[in-house]
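Beneath this line is the structure, given in C-alpha cells, with notes to follow.
As written, the chain order gives the labels A, B, C and D, with residue 1 at the start of each chain.
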Amino acid sequence: MRNFFVLAFVALTALALPSVAMAQSAATSAASDGNTSGVITVIQVDSETNLVGFVLSTQNGELVEVSVNDSTSFGLENAAGDRWVSDFGEDPTEALLRITDQRERFAPVTVTVADGVASAVVDREQGDLERNLGFLFAIYIVTWAGFFAYIFIVSRRQSDLAREIKALTSQVG
Amino acid sequence: MGASLATVWTLARKDLLLELRSKDIVLAIVVFALLVIAIFTFAIELTPSRARDVGPGVLWAAVAFAGVLGLNRSFAVEAEGDTLDGLMLTPVSRELIFFGKVLGNFIFITIAQVVIFPVFEALFNISVLQVETIVIALLASLGFAAVGTAFAAVSVRVRSREIMLPLLFLPTSVPLIMAAVESTSAVVDGGSWGDFSEWLQLAIAFDVIFMIASAVLFQFVLEE
Amino acid sequence: MAALPKIRLIWLGFTAALMALTLWMVFLWVPTEINQGNIQRALYFHVPVAWTAMVAIVLIAVASVAYLKTRDEKWDRLAVAGAETGVIFAALMLITGMVWAKPVWGVWWTGEAKLTTTLILFFIYVAYLMFRAYFPPGEQRRRLAAIIGLIGAIDTPIIYYGAQLWERAHPSAVVGPYSNNDSSVDGPVGLTLLVATIAFSVLFVYVASERYRLRKQEDEVMALRRAISLQALRVATTSDSTESISSAPAGGA
Amino acid sequence: MGTKNSVALAVQATGLEKSFGNAAVLRGLDMTVRDGEAVVIFGANGVGKSTLLRVLTTLTRPDYGSISIYGRDLSKQAEYARLSLGAVLHSPMLYGDMTIRENLNFFGKMFRVRDLPGRIEEMTDRLGLGPRMEQRTRELSHGYQKRAALARAMLHRPRILFLDEAETGLDEPARKVLDGVISEHRAAGHAVVMTTHSIERGIAESDRVFVLAGGRIALDAPSSHVTPNDVTGLYSDPSDA
C-alpha cells in the first residue's frame, strides 16, 4: 500500500506538470517571436529564378523579410487541396510554385524563423499550435489512468495476498 | 519416409472413415458457411459492384467461422472414447499424429469448400471458380488446418472449448484470411497471378511456418 | 525479505525520476512540431507504449520457450507478467493511436499497419489470458499457455507483413489536412522520443515485476494451502502410516 | 547399472511424484516389476492407482522421478517402450463409429504389426470376438467392448500388460476369457500389472502384491504371504480422512 501512495504522489506531480507547461508555452510562443504569420507580398528570386526569400505582411501591417535555404521545410496546400510537404533543398522549383500560388490566393502562411532564415513555412491554419489540446490531454489522461488503475489493482491484490500468506504461515508454523 | 507417409495417411483415412459414418464435421462446416453467406445476401443489398467489393470478404469470413466448428469436432471425436489415449499409446511419433490430423482436417475443409464455392458463386453472382481461387483455397485450407489442429488440441481440454477455439484460432489466422480475401478480390476483378503474388507468398509463408511450428509444439500439447 | 522492497523502491524512484524528465522534455523542452502542433506530442506517449508492447511479446516468447525447456514455474510467472502488462500497454497504444488519429487524420481508425498488428496481437493475448482464467492451475495450464504464447509470438511478424500489404492496398482511410505523418525524428524530437522510450521501458519493467511478484504470491498461497491440507491429513493418519512401514516386508521374495 | 541388467526388469520406477493442481497423488513412489511376474496393485478408491498406471504406460508424465520399461527410459525412449507395453484402462479406447475389425486394423497399422490380418484372426479366435467383428464398437455390450479393448492392447504382442480394473462389470464368460488371457500371458513368461477391487481374485492371480497408500507403495509382498486383511488394513488412507 505504501508503494501505491508513493506512486500516486509521483503521478499527481506528473499530472500537474503539463498544465503548467501549456500555460507557459502559450505565453512564450507569442513573446519569442519565432513564428510570424502573414500574407506573402513580395517573392525574391535570384538570376536563375531560384527562390531566395519573400516578404510577409503581418496582421499588424509590419513587413517582415524572410530568406530560405536548403533546410527550410514546407507544408503547403494549394487551391486544389493538394498538400505538399518537403524541404526546399529537395525541390526548389515546387517550393517557388507553391509560394507563388500562396501569394496569388492571398493565403496566409506561418513562418518559423531562426537567425533570420525560415526553418519552416506552412499554411497558417497548420501554424495554430494550440489546436487539439483536448485530444492531447485525453491521450495523456488515458495513458496515466490506465497505468494507475492497473498498478492499483495489482498492489491491492499484493497486499491482500501478503496478509493471507501471513495468516497461512502462522497456521503452518 | 515412405513408412511415415503411410502412417499419416492411415491416420487421416481413419478420420475420413469416421466422418463418412457420422458426417458431423463437413456437414457442420457447409451448413454454417452457407448460412453466413445467405444472411449476408439479405443484410447487404447486392448490386453487382457491391457484390464484387464485399463478396470475397464474406466468403472467407464464412469459411473461417465455419471452419472453427469443424475443427472443434476433430478433437472432440478423439476425446469422446478416450481414443486420444489410444493414439498416445502407439509408438507413432507425435509429429506424425499431428500431420495425420492436419491432413484429415485439410480434406474436410476442402470438401466443404467444394460445396460452398458454387453456392456462393450463385448467390453473389461473381465468378470464383477459377484456377487461381482454387489454389488460394487450397493454401488457405492448409493454413487453417495447421493452426486449427494445434489450437483444437489445446482447447479440447478446456471446459468451454467451443468458446476458446475461435478466440485463439481467428486472430491467429488473420494474415491468412487477409491473403485469401485480397487474392480472391484480385481474381474477381479480373487479375491474375502477378496481381496478388505477394499475398500468395504470405499465405505460403504462413502455411510453412505454422506447419513446422505446430508440429514441433504438438508433442507438448499432448503430454499430460 | 528486507532487501527486496528497497530494490523495488529504488526502481520506483528511478522510474518516477525518468518519467519526470520525460514529461519535462515532452511538454517544456521539445519544440512544437510545425505541421500538427501540440497534438504531435502524443508521439512521445504513443510510440514508447507501442515499443514496450512489442518488448512484452518478445518477453512472452522467451519465457514460453524457457518454460517448455526447463518446466521451471518462474518462467511461467514471467510469461503471465509479460502478457498481462503487454495487453495493458497494447490497449493504451490502440487508444492513444485512435485519439491521435482523430484530430490529425479525421478518423478514429485507420488501416495503419502497426495499429492493425497491435489490435490483432491484443486479441491473441487477451485469448491467452482468458485461456489461463478458464483452465485449472497446474502444470498442464502452464504448458498449454506457453504454447499459445509462443504461437502468438511466431504470428507477430507474419501479421505485421500482412498488415503492411493491406495498408498499401487500402490507402484511402487517411483524410484531412495532416494526412502526412512523416515528421522527422531527429534532433530534439529524436532525443525526447529516446528518453521517453527508455522511461516507458523502465516503467514496463516496474509494472511487469510487480505483476510477477503478485503471481509468486498467488503460488505461495496455493502451496501454503496445500501444506495445511497435507498437515491435516498427516495428523489424521499418523497411526496408519507407522503401521504400514512395519508391515511391509523388505522388498518381497 | 548396465543396460543388460535393467532389461531383466519389466518396470523400474524411482521417486515418482505427480500432483494435479493442489492434490499430490504420487509422492516419491518407487516400484519394480520383474519380467515374467504378475503384480497386482491394491488401494482405496481415489488413491491414485489409475494415475500410477497412466504414468507407467507413458500417458501421463510424472512431475519428478524416472521410469524405464524393459530398460527403455520413458523420458527419452518412450516410443520404444510403447512397443513393448499394452494397456487396458477404464475406457476401451476404441472408435465407436468403427467396427472391431476396423479398429484393430487401424491400431495394428499404427504398431506396424507383422502379418496383421493373421494376427487379427488369432486375437478374434482367442477372445471369442468372431460374430461381433463387423459391428460398430459403440453398439457392443460392455463385455465385448472390453474384449475388443484387450485385443487392441495385445495386438502388437506386448511383453508387459497393464490392466486397470479390467474385470469390473464383466459377465462370467467374458471374465473367463480375461482370466485365460492373463494366465497365458504369464505362462509365456511376460509381465502383468493390474489393479482390481476384488482382493481375493487379485491375490490368487498374482505373484506379488503392492498396496498404494499416501502416494507410495505401502506394502510390497509375495502374494503367497498376503491375506486380504493385510491389504484392507492399509486402506484407511488419507483420502478417507
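Operating definition for what follows: contacts are C-beta pairs under 8 Å (C-beta built on N, C-alpha and C of every residue); 3 or more make two chains touch, one makes a residue touch a chain.
Remember, predicted model here, so these are calculated numbers, not experimental data.
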{"item": "Between the pairs B-C and A-C, the one where more C-beta pairs touch", "value": "A-C"}
{"item": "Most distant chain from chain B by Cα centroid", "value": "A"}
{"item": "Distance between the centres, which are taken as Cα means, of chain C and chain B, whole angstrom", "value": "30"}
{"item": "Averaged-CA centre spacing for the pair chain C and chain A, given as whole angstrom", "value": "30"}
{"item": "Chain B and chain D: spacing of chain centres that average the CA atoms, whole Å", "value": "38"}
{"item": "Chain C and chain D: spacing of chain centres that average the CA atoms, whole Å", "value": "46"}
{"item": "Residues within chain C bordering two or more other chains", "value": "225"}
{"item": "Contacts with 2+ other chains: residues of chain D", "value": "none"}
{"item": "Residue numbers of chain B (touch at least two other chains)", "value": "223-224"}
{"item": "Touch-based graph of the chains, sorted into line, ring, star, complete or other", "value": "other"}
{"item": "Touch relationships between chains, expressed as pairs", "value": "A-C, B-C, B-D, C-D"}
{"item": "Residue numbers on chain C that touch chain D, as the complex places them", "value": "136-139, 222, 225-226, 229-230, 232-233, 236-237, 240-241, 243-245, 247-249, 251-253"}
{"item": "Residues of chain C touching chain B in the complex", "value": "68, 120-121, 123-124, 126-127, 130-131, 134-135, 140, 143-144, 146-148, 150-152, 154-155, 158-159, 161-163, 165-166, 169"}
{"item": "Contacting residues of chain D [partner chain C, same complex]", "value": "19-22, 24, 63, 208, 211, 213-214, 217-222, 225, 230, 233-234, 236-238, 241"}
{"item": "Residue numbers on chain C that touch chain A, as the complex places them", "value": "8-9, 12, 16, 19-20, 23-24, 26-28, 32, 34-39, 41-42, 45-46, 49, 85, 88, 91-92, 95-96, 99-100, 102-104, 177-180, 182, 203, 207, 210-211, 213-214, 217-218, 220-221, 224-225, 227-228, 231"}
{"item": "Chain D-touching residues of chain B, taken from the complex the two chains share", "value": "3, 6-7, 10-11, 14, 17-18, 21-22, 80-83, 85-93, 223-224"}
